[in-house]
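Dropping the structures in below, format is structure tokens.
Two complexes are shown next, each including subunit A; its partner changes from subunit B in the first to subunit C in the second.
Now for the complex of A and B:
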């Protein structure tokens, strides 16, 4: 599929890669973009398109660190979208990886996970990787 | 039910052949039909109104549900956003700490010392003193044992200095083998006592650099100055520096008070 995302990321925006073929969407880094709507609407569009056109499972692999309020909201929207899909009987999963030196990120990931009934793993990254 | 009984009675009267020619028969029959129509319309009206009411109830229930959902989301959003805010704040604090730190010894760097002394100067109600400490002949250590050993020696010296200070005192690395002490609420006499104690500790410290096991020791020359009212703290440092030069000139391993 040609409509995969591959955004390099910057100090204020996360790097984003989507892989339609394997049903994976990955995001790494900080997110406090000037225009979070513009950034996340691409991501949400991709997720919606994938869920609509494919019947395969979707996995989000996140290594997000700092999120500003509008980015938190966008992530909640994405997680809600996954929840609806999962309630509809389809497989979805989230893997949130964090630097074990920063346990706070794990706590925040737990907060996000709260209302999600689908598999949502919070995993420490290998130190030094 | 009383209504139905009455209607049944009227119908029976209308159906009775003996009443067919009665002068009221036609009018009663029309009244009877009219009533039935009206009753049917009333029932339809009630049923429509009930339907509306029920769907309004459903809508209300739905709206309440959605509102509750939105509220929950909003609370969750604020909670998470607040925690990220804290995280950012902590990160800034950590950066701030690192930017004021000498990377080798972990002591305050020159930047932090300036900041600290400026704050002490702003609090004009309290006297304070500064002491400039220079390790004697430190170059010899670098030359003889190498720079890595020199770095280890500086770390050990920094530890000894910090361990000898009181709670509010600040010790920073001014440069190379020079350290600056900021001593709050301390007069020159007190500073001199404190510095004498410090000189002893430094003298007793074995830097353990020699492979033969012979203790490696150093001495320090120290200049002390008390901050004068309305004096720029940079001038206080300068006076301490001048006193340090005097201590060096007079043979090192001693402290001198600024004039």
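Now for the complex of A and C:
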């Protein structure tokens, strides 16, 4: 058992929740902190710890809206960790949910997906008009 | 102070939002918030609004990052930022700051080298830069941000360098969306 993350989020940082028990990590909102490494290093630490100590599957559920380039780099590091794990024969998955009115985030998710061979779903959220 | 001529100048250049002064992390957020609200109220296409915001963030964070690396004091660390529309309704995002001459030259060359790339080449350059080791990427500075801005622009980025003193210049960058 490890400490789960439960970060409330701010205008420039996403809300982040991890659930060790169910093997889920979720993030919602905008991500454009000046120092994205500071924010994401705790997320990367959690993912690494989970992958090391558990043999269960891990699912990322993302509702990220805007990412600055340094957040994109940090997310790529996380997706690469998942790729290594998947190549080692373990189940991992990403679900990226987005507002269909914002095609830019779907395009970004597609570019991430290009470099991943594990299940990576990009799902439009249902929105009221 | 002649505010009326300032106002006329803004109107003439179709400047919707402008800032000049020391830029902080929280100011970047506040101005960004105002920019998003403004774009929404103008019924800008969501993808254009997103691109304008993204370019604004990369430009201002690059300026903050550079001023920190140079250990600039408040006066040297000021940024000049303007968001305008051109006659065809496209958005122009511009930002300028003081730089050391050699860095300015390097930046202008980097912008010029991106100008010749098409969308696929820019995407390849972006992915390549994304996968460079963090230390290496840090010393080259602004690499990923510049490519990202170039990808979001409908025209090549425009950079200029104007000398301010014997060793420093004013670097300005404009993206068209």
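Note that the second predicted complex is superposed on the first by the 125 of 129 C-alpha atoms of A that agree within 3 Å, B and C clash if a C-alpha of one lies under 4 Å from a C-alpha of the other, contacts with A are read in each partner's own complex, and residues count from 1 in each chain.
The rule we apply is simple: contacts are C-beta pairs under 8 Å (C-beta built on N, C-alpha and C of every residue); 3 or more make two chains touch, one makes a residue touch a chain.
Because the structure is predicted, anything quoted here is derived from the model rather than measured.
Between subunit B and subunit C, it is C that contacts the larger number of residues in subunit A.
When both complexes are overlaid on chain A, the residue A:68 reaches subunit B and subunit C alike. By the touch criterion defined above, A:103 reaches subunit C but does not reach subunit B.
Of the two partner chains placed around the shared chain by superposition, subunit C is the only one that A:12 touches, whereas subunit B remains out of contact.
Under the contact criterion defined above, the residues of subunit A that touch both subunit B in one complex and subunit C in the other are 66, 68-69, 72-73, 76, 104-105, 111, 115. The part of subunit A that touches subunit B in the complex is made up of residues 66-69, 72-73, 76, 104-105, 107-108, 111-112, 114-115. Within the complex formed with subunit C, the residues of subunit A that make contact are 11-12, 32, 34, 37, 66, 68-70, 72-73, 76, 101-105, 111, 115. Taken together, the subunit C residues at the contact with subunit A in this complex read 25, 29, 33, 46-47, 50-51, 53-54, 57-58, 61, 64-65, 123, 127, 130-131, 134, 137, 144-145, 148.
For subunit B in complex with subunit A, the residues that touch the partner chain are 72-73, 76-77, 79-81, 83-84, 86-88, 90-91.
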